[in-house]
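Note that the chains are named A, B, C, D, E and F in the order they appear, and that numbering of residues resets to 1 at the start of each chain.
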């Protein structure tokens, strides 16, 4: 019994059907608790006023936007190396979710920027590299749509994801070199060891982050199932319509 | 060097098209592939030429020995006949294009841009390309499309000469070419809808 | 309505190719054009279809009555078979594609994208397009390229039916189509090098 | 309803847009999933293929 | 004609989207501008109207590339030319479908990109209206360029070269409207002129395009 | 390989010129800029390095479009894939010929256009050297994009979408060099970084391109 067994579409569908109810429930609970707590149950920041409440959307979304790309990278590698279809389809399924997260982070950031920095948008390294990430999502999704043959599409998008990752990192570095920004630094403990956000803000934020993560997972599982079914329909029809 | 297929299965668009195909073509002989439209001749030939991977089965003797001519001729409209041939000769590390020009009577067209040739003249040039590759195995997909009777004769002579020189040829066609060769009908090898010979979509069936 | 050519001269790339061509095709009959590669069949047919102007001479009966099918089929790879046919039917102000589908046995392929058809299947679809135009004159340039014997039969039946319905057809081909029709060889009409039939460069001769 | 002060519009807009986007991706996924299921069921039925699971 | 429009739109959506891609290109050009001229927001604000117009123009131009070329290659144009549909009408429909799949999305997206380039608040409405009035002219003129270069392989660049000068009047007035709008000056005169250009091109260019196309097909 | 290079160059010259056209596009974009942002010469001078880099990038991009597409359509790529020539080498040659026909003329023409945009005198040498060092990377990355989209009709815009984000680092460093040069600052660090990117892409991208092309041809 190895993990790879779940690379079989049928096995995967079975497992994902069993896990999904819990996942959806957990995601719904965490997201709503985190957001409600953050929205209703936290005080205003002395400097940022009530805008600090945006953090419960902005940071989890930004986090998941990056993690989603990372997950797609891993899935693409698995497809390229071991050629498990579920893996490729999972990457395909994750892309729109990741892009949505990116858009949420961008929009909430822009809305937050207006009161804090006095501008909707600034060419700050953090913001800019995020915008580039958005472009990579866009290109990735467009490539999936444009290629007819599913396997070729999986191959091409995987390579694009790989090369894109390298260039995304490179862009991030280049952008930082090009401009020193005003976006604030990392405030989450995993990255810094200590934290710069007070506990009152931190716990709801943590719940919200977990919630976004679970939501992402649930969505990806569900959407992968959808892709598998579409692929099966296509396979059945293709084999039927071949003769004559 | 013999070209051998053993229990080959091929797919197009992820769907198995043929399975269980086996045959040998010995040097000095040609094999004519037959089958109705959509039977899978093009797919089979592309697989043998190495342009796509087989689903399963073995192909031996095909490594770096094949000159392939498909529906498209790989001609540049803005190069003339001689330049087109010279280019392909050089890609295959050769120089001489006079034999090809002569066999297909391209001399009068030598300096015409390929884009201004008629359909049949273009095809003649496309076939002439095979001769400059120096490859022993010719894999041809409907080579005589839009050729007139005389040009079909040129082609038949070129193939016969190639075979006499120890080459071999595999030709898919719907019409009679006037070449002494065995025929292989691929119709019986059509893959069944639930065929599981390694196609990429079989996990989804 | 009879299609008549009177003393027609045609050119390609500014060079006269044929001159002095005259013939009539009456309703209910077909005419098969023959001639070696490069004789000028394609050029003549394109002129008759109105895609290029004749150098001199008259064509009568061709105004808005012609459906032309050349080497390219006008199919969109990203539309399926039915959508392709429907589009052309609508362009010609018609609706019904079932007869075309039936004649060329395209029913099983109806929902396949045209880009995924084999060469012969594509050609069948290209020929089916003629039937949805409702035009009385069919002008066909090598229509049976890459068709198998059975499909050639479908085509012959379609033409016969078209003729029986009062249509007429003009077909350039190198092979035998199995259609009862007169043959017209264009070889004798090849234009002489110093032909002065109105070509654009004659002022420079 | 907490007191949002002078930034009420911003905060509400941020929450509104984000929740709308989340809802959109969830609903679109569900709709696509449901269609895929239906299509597959129909195909399987018309081809008489048994199915190993849901 | 409706069949043609429907088919073109269908193809645009299916073929991996003529729809989204013009837009994406517009977005990308706009994003690349700060990378190339530097991130100072006042400088960006000054050049924003011009950059957005130029970006829209280039996005139109790139998507023109295959407006007719694909139909030429697979023989559709030959067949359309012999169909009972005036070529002028067919080309107008093609221009319309080009505008619907490219120009219109650009108009809708322009405000967002205006934000990113720090466009002055007073400029938004004028930017959008100038684009709405001006982009149809870009599509129609572009169709002419596409007809001119239709038989030529590698025609894309050549077409850009032919079309860009024709775009100059539209660009001048369009950018003028947007710029004056952003600076708080009165842009109405320029807008009227822009509208005049658009109307004139829509009325006349299809005839030129059809004439040219008949010549190329011959 | 030399045969391939020679053929590509010959085709570029004959086919109505990949050679001149990239250049002409560059020229036109540069000319359109004053029309769109207005003619104040100090403003133009400020944005000149950026505009020239952006124009060069777009000119490269547009001419990429058919780098492989034409060879794909007429079957040449199929035949090349079965020829005794590693695909990596063939693609490197293609990138080289693209650079020779597009990048190099841009490098040579840039000073002239710099004059038209009022570029500061100190900037010329840096502009040219940044383009000389940076454009090869554009060709190589572009070949990757072309390989990705080769089988796709209407692939031009999709390719732009895929390639432009990949161009970002090159653009940032290249424009930075030119800008710092024009402002009299020290551009050497950026130039070194730019060179590093170019070398890395030349060394690695052909493998990615060949891998991708094998996938599409399959």
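Assume a residue touches a chain if its C-beta (ideal position, glycine included) is under 8 Å from a C-beta of that chain, and two chains touch if they have at least 3 such contacts.
Predicted model, so just to flag it, every value in this text is computed and none were measured.
Trainee: Common contacts of chain B and chain F?
Mentor: The shared contacts of chain B and chain F, listed by label, come to A.
Trainee: Among the remaining chains, which ones contact both chain A and chain D?
Mentor: Shared contacts of chain A and chain D: no chain.
Trainee: Tell me the chain pair with the top count of C-beta pairs in contact.
Mentor: E-F
Trainee: Determine whether chain B and chain C, two copies of the same sequence, contact each other through the same residue numbers or different ones, counting it as same when over half of the numbers at the interface appear on both sides.
Mentor: Over half shared, hence same.
Trainee: When the C-alpha atoms of chain C and chain D are each averaged to a single point, how far apart are the two points in Å?
Mentor: 52
Trainee: Hey, how far is the Cα centre of chain A from the one of chain E, in Å?
Mentor: About 34 Å, centre to centre.
Trainee: Take the average of all CA coordinates in chain A, do the same for chain C, and state the distance between these two points in whole angstrom.
Mentor: One centre to the other, that is 55 Å.
Trainee: Listing for chain A: what residues touch at least two other chains?
Mentor: 132, 135, 138-139, 142-143, 146-148, 178, 232, 236-237, 240, 243-244, in rising order.
Trainee: When you check chain E against every other chain, which residues touch at least two of them?
Mentor: In chain E, residues 15-16, 21, 24, 28, 35, 73, 153 touch at least two other chains, as defined above.
Trainee: Provide the list of chain C residues touching at least two other chains, using ranges where the numbers run on.
Mentor: 71, 77-78, 116
Trainee: Across the complex, what residues on chain B touch chain C?
Mentor: Against chain C, chain B makes touches at 12-13, 35-38, 42, 71, 116-121, 123-124, 142, 145-151, 174-175.
Trainee: Within the complex, which stretch of chain C touches chain E?
Mentor: Listed in rising order, the residues of chain C that touch chain E are 49-53, 64, 66-68, 70-79, 83, 86-88, 90-93, 129, 133.
Trainee: Going by the contact rule at the top, pick out the chain F residues touching chain B in the complex.
Mentor: 2-4, 7, 10-11, 14-15, 73-76, 78-85, 217-218
Trainee: In the complex, go through chain F and note every residue touching chain E.
Mentor: Its residues touching chain E are 15-18, 21-22, 24-25, 28-29, 32-33, 35-38, 43, 46-47, 49-51, 53-54, 57-58, 62-63, 65-66, 70, 73, 152-158, 160-161, 164-165, 167-168, 171-172, 175, 179.
Trainee: With touch defined as at the start, can you tell me which chain A residues reach chain B in the complex?
Mentor: 8-9, 85, 148-151, 228, 231-232, 234-236, 238-240, 242-244
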